[in-house]
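Right, I'll just put the structure down here and ask away after.
Order as written gives the chain letters A, B, C and D; numbering starts at 1 within each chain.
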């Protein structure tokens, strides 16, 4: 069997991914638990009550704040350390969307993922499009969009979170600042909601969808099978293949 | 207690006051020195735990002090005074009179 | 060492401690029995906090308080519910005592002036150096100018007795207190009417006419509190004041009386009482002297006449007289306290006293009650030496007719010092008092300091007076001190004793004044007069009061129950006539008016205002205006000016104005308000601080700078309200 | 153990406006400069025709229907069932200040030292040690009385039974306060109007549904994918898959 493996993730990348995942998990669940107001709590009062029974009311906020600050600091270090090697290329890639190819991919892939190839082909026919899903780079269009939303969401969460933190510990000015804090909470909530929505899809794709299983494992080993790379990220594979054949 | 002691002094005065020459004492001595002399000359006996009754300017009214000193040589304790010069008596009298209970500035508690 | 409550307070112990005193029940719920509360998270009072008794020193009232101490630091001061004189309360100032203790402005070590006087250049000294220097100066001045050449001043402090003692031992007659700034005219008047100074039995009064007092703001225990309780029980309160005080706001009736016309109203009330036979005939016949003379004397003082003088309507005066007559003997003219107002303040207060006598309220419930001695001793006796070369008397002796030889008169002593007549005074020691802030005509006080060869001031902070000193000594604050006992009286509330034990360790190099006096005495070969400790002095004070020390340690206060009413049954009054003197014989003998004669007072010119001064419930003159908590209530003072007057001068609320009198000028922000009469402006005491080392520096204006230093001709009391000022909208 | 209903009964006409309660509270609770947990309404009067003037002491009314609790997103502010007080859990408070605006009595403020909302809690810490609230114990005229209304023997319960008492509530917002005023209560005006902050309303009305929709849609998508995966395990590209080189695909 041709089981040649291709390096997809560096160790640093793997670390930051799982670190991020852990933080978000904790932040999401403690954050949700912090909302103890029947008008606002999406899960119902049982949830914050249960969490408070375990951690105590104040503990919940302290965990949330501690994890958030750690998360932010680690990210800052990571970004600075990997600025030119990873961060800039990553940003360049995820923010480059080619309308034709990527749009087509989005439509086709979503239909395929939810309804299957046949249905997708069926729907594409009238549009004069084939059933072929366009080749993708290191990230496919879906991943790019998800990354964009997550990035933006994380940024908003960090900024609004910082405003709230300031609200608690450094606030001196009276109402003007308080309005800022109040909006920060609302926006924080929205950002958390939206990113969580994307996260759901991401988690499904990575951990549950069978066809993406190699990608899931690569988040531990760092490598994907050559076959998987060629299939899912043809353009990237070609690049890597050329590079390797050059050697 | 003070009241009784004052009353006793008064009673004694009435009993012993003879027709001796009344000394026309004016209260124009040095009352500050009088205070000192009162302590030196009188409080040796007239004090708590001593042989005579405790004594202070506010034990009597100005009129009573005036009467008492009008013929002080007839006081029962005069023989114990030793040689108090008249000038000193005048100072003592000024102090007692000036700080009597009905005076403009009654002595504060001793 | 005795420390009252030095054990950790268990909950049970605490209940015992704060169990309400029996008599408190009568006061309609000053019952502080503690209610159990739910336990909640908190950080302020940690378990194991200690509760220790202390005596508040934020004003002269000496309220017993409980200090809550955590880790050697006072966290909170609470009232002592067993202290009946305060009715178990602690006012805003009392609560702010914590801030004073930890005030960053506190003096830390002895300071020697190195620049010009008042320039503020200091050098730190060690205590030994400082005391050596002080002793040397005292010795030199005593030798050069006689011992009366050194003057002593001490405020209302529980250790002030040691300064008086030191002065006596040292040989100076020239001791001053704050009293000639405050109350001696009133004291004089009542002493010369009743033979003693009464304590109003406010709690049971049914009618009270209050003039020349602001009892709901200038708090005096228990009067301020009892007045409210009495009102709740139906007492009618009528207030006459040129200013709409909070007392006026709480009164049933308020009349903006023209300043300096109180006597006119009082004489007219006497007129109505006698004419309509509303006075207590039996009482007056039996206990007073001079009704006939008085009747004749007040004949011309009709309500109509008084109305023109006072601007209080005649029918109001008649009505008040009738109401007083109907409510007698539980009706009173409130005797008041501060009477440093006019040249004839003694006579004004005599008029108050006379009307009270006519109402027969003396020695009876709801009236004026006699002093009740608790039986506290004088402490370790002093064998006062006599210095042959001393002058005959005080430096201010004879400058007013009937001065108190113990108190003297700051105003008259200052004049005498400035004139060096009859003899020079070149040394000054001031403790716990601040004449630069409180005594009218600050320029003169500064001149007096200028001509001194040595000025030593001991205080907790760099007061304006300390700022003028040669040597400044840091005093311990009351929470750090072991103080002698103090006897307190308050009508039905008490005849009681309080004392102070240290609550916390002294901060910095601060020392008690007793220690300083003792050190100086030792250096001046007067050590025999200070051959005791404060504890020994205290024990000597308490020697005739068995159980007192235990009670003080257990309850923070010792009571000695005594008769409150009918004290004078079978007793003579300590006056010349041995009766209550409506007609004062001694005054007649001395060429004074035997009964108060109303002489038309001087009035401000058209472009002038009469300046009146006062205080409120959050300011104790200058001693509290730098307190960080009290400052929040009152960061500065204002010149209250009536809108009509302000309009004429183009002054709007908040404008900076110049207030000028012959004594000096100050700039201050105007408060345009109809709470003062158009002919009267008002300022609070304690602001316009000179010393840059106090937080209140640069806030408001100083009364002492603009008040003219007139004086009451009989008592020598300062007469501050004889000041006429011009007010102008003029930049500094 | 029966729950308490702690309350204050205030005899406003006996208040002197001496500020003792304000000072005591400030020291007892370490309240920062410029902030107060309690107040005296109608203080520092201009001259009035009616007399006597009534000064009205007050503080957080520990309402039975507290709007501040409604406005708190984190549950840091809640009604303590044990004693009926409205409590702020400082560690949970995020200092958003929504409760400040929501209180119709202006009883809350931002504690700038701690970064949290603050207000009167009837001196919870002092009560732990059996002490009365600082304002109550220090009050010269004992205008403020404190106790448990559920205890018929308490002074406050007796006072309410024996006297006519009113609550000086803000008319616009019904909160059922637990401060009762005896006799003539004095000022009835409230300078503050309770309101829910805009951000809070936006959250409640708009943000919340939108977020729920987004998450819901994502969830639906994922569910669909999952369904497809389960239903069509062998979904493969059509034969004309073209560029897809399916050969190697498992």
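As a convention for this text, a residue touches a chain if its C-beta (ideal position, glycine included) is under 8 Å from a C-beta of that chain, and two chains touch if they have at least 3 such contacts.
Everything numeric here is computed off the predicted structure, so don't read it as measured data.
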**Request:** Determine which of the two chain pairs, C-D or B-C, is joined by the larger number of C-beta pairs in contact.
**Result:** C-D
**Fill in**
If chain centres are mean C-alpha positions, then the most distant from chain B is chain A
**Request:** Between chain C and chain D, tell me the centre distance in angstrom, where each centre is the average of that chain's C-alpha atoms.
**Result:** 45
**Between chain A and chain D, centroid-to-centroid distance (C-alpha), Å** = 37
**Complete:** Expressed in whole Å, how far the mean CA point of chain B lies from that of chain D is 76
**Message:** Which positions in chain C are in touch with at least two other chains?
**Reply:** none
**Request:** For chain A, jot down the residues that touch at least 2 other chains.
**Result:** none
**Request:** Going through chain D residue by residue, note those that touch at least 2 other chains and give them in order.
**Result:** 89-90
**Asked** What topology does the chain touch graph have (line, ring, star, complete, other)?
**Response** line
**Fill in**
Touching pairs here come out as A-D, B-C, C-D
**Asked** In their complex, what parts of chain A are in touch with chain D?
**Response** 2, 34-37, 39-40, 42, 48, 52, 57-62, 110, 112-118, 121, 130-133, 135, 164, 167-172, 174-175, 178-179, 181-183, 185-186, 189-190, 192-194, 196-198, 200-201, 204-205, 208-210, 227, 230-231, 234
**Request:** Spell out the part of chain C that touches chain D in their complex, as residue ranges.
**Result:** 9, 11, 14-15, 18, 27-32, 34-45, 47, 49, 75-79, 81, 86-96, 98-99, 216-217, 219, 224-225, 228-229, 231-232, 237, 244, 246, 249-254, 617-618, 628-630, 632-633, 673-675
**chain B-touching residues of chain C, taken from the complex the two chains share** = 173, 191-192, 195, 377-378, 381, 383-386, 390, 392-393, 402, 404-406, 572, 574-576, 578, 586
**Asked** What residues on chain D touch chain C, complex-wise?
**Response** 4, 6, 13-14, 16-20, 22-24, 26-30, 33-34, 45-48, 51-53, 80, 82-83, 85, 87, 89-90, 121-122, 124-132, 134, 137-142, 145-148, 154-155
**Item:** Residue ranges of chain B in contact with chain C within the complex
**Value:** 30, 32-33, 35-37, 39, 61-62, 101-102, 104-106, 108-110
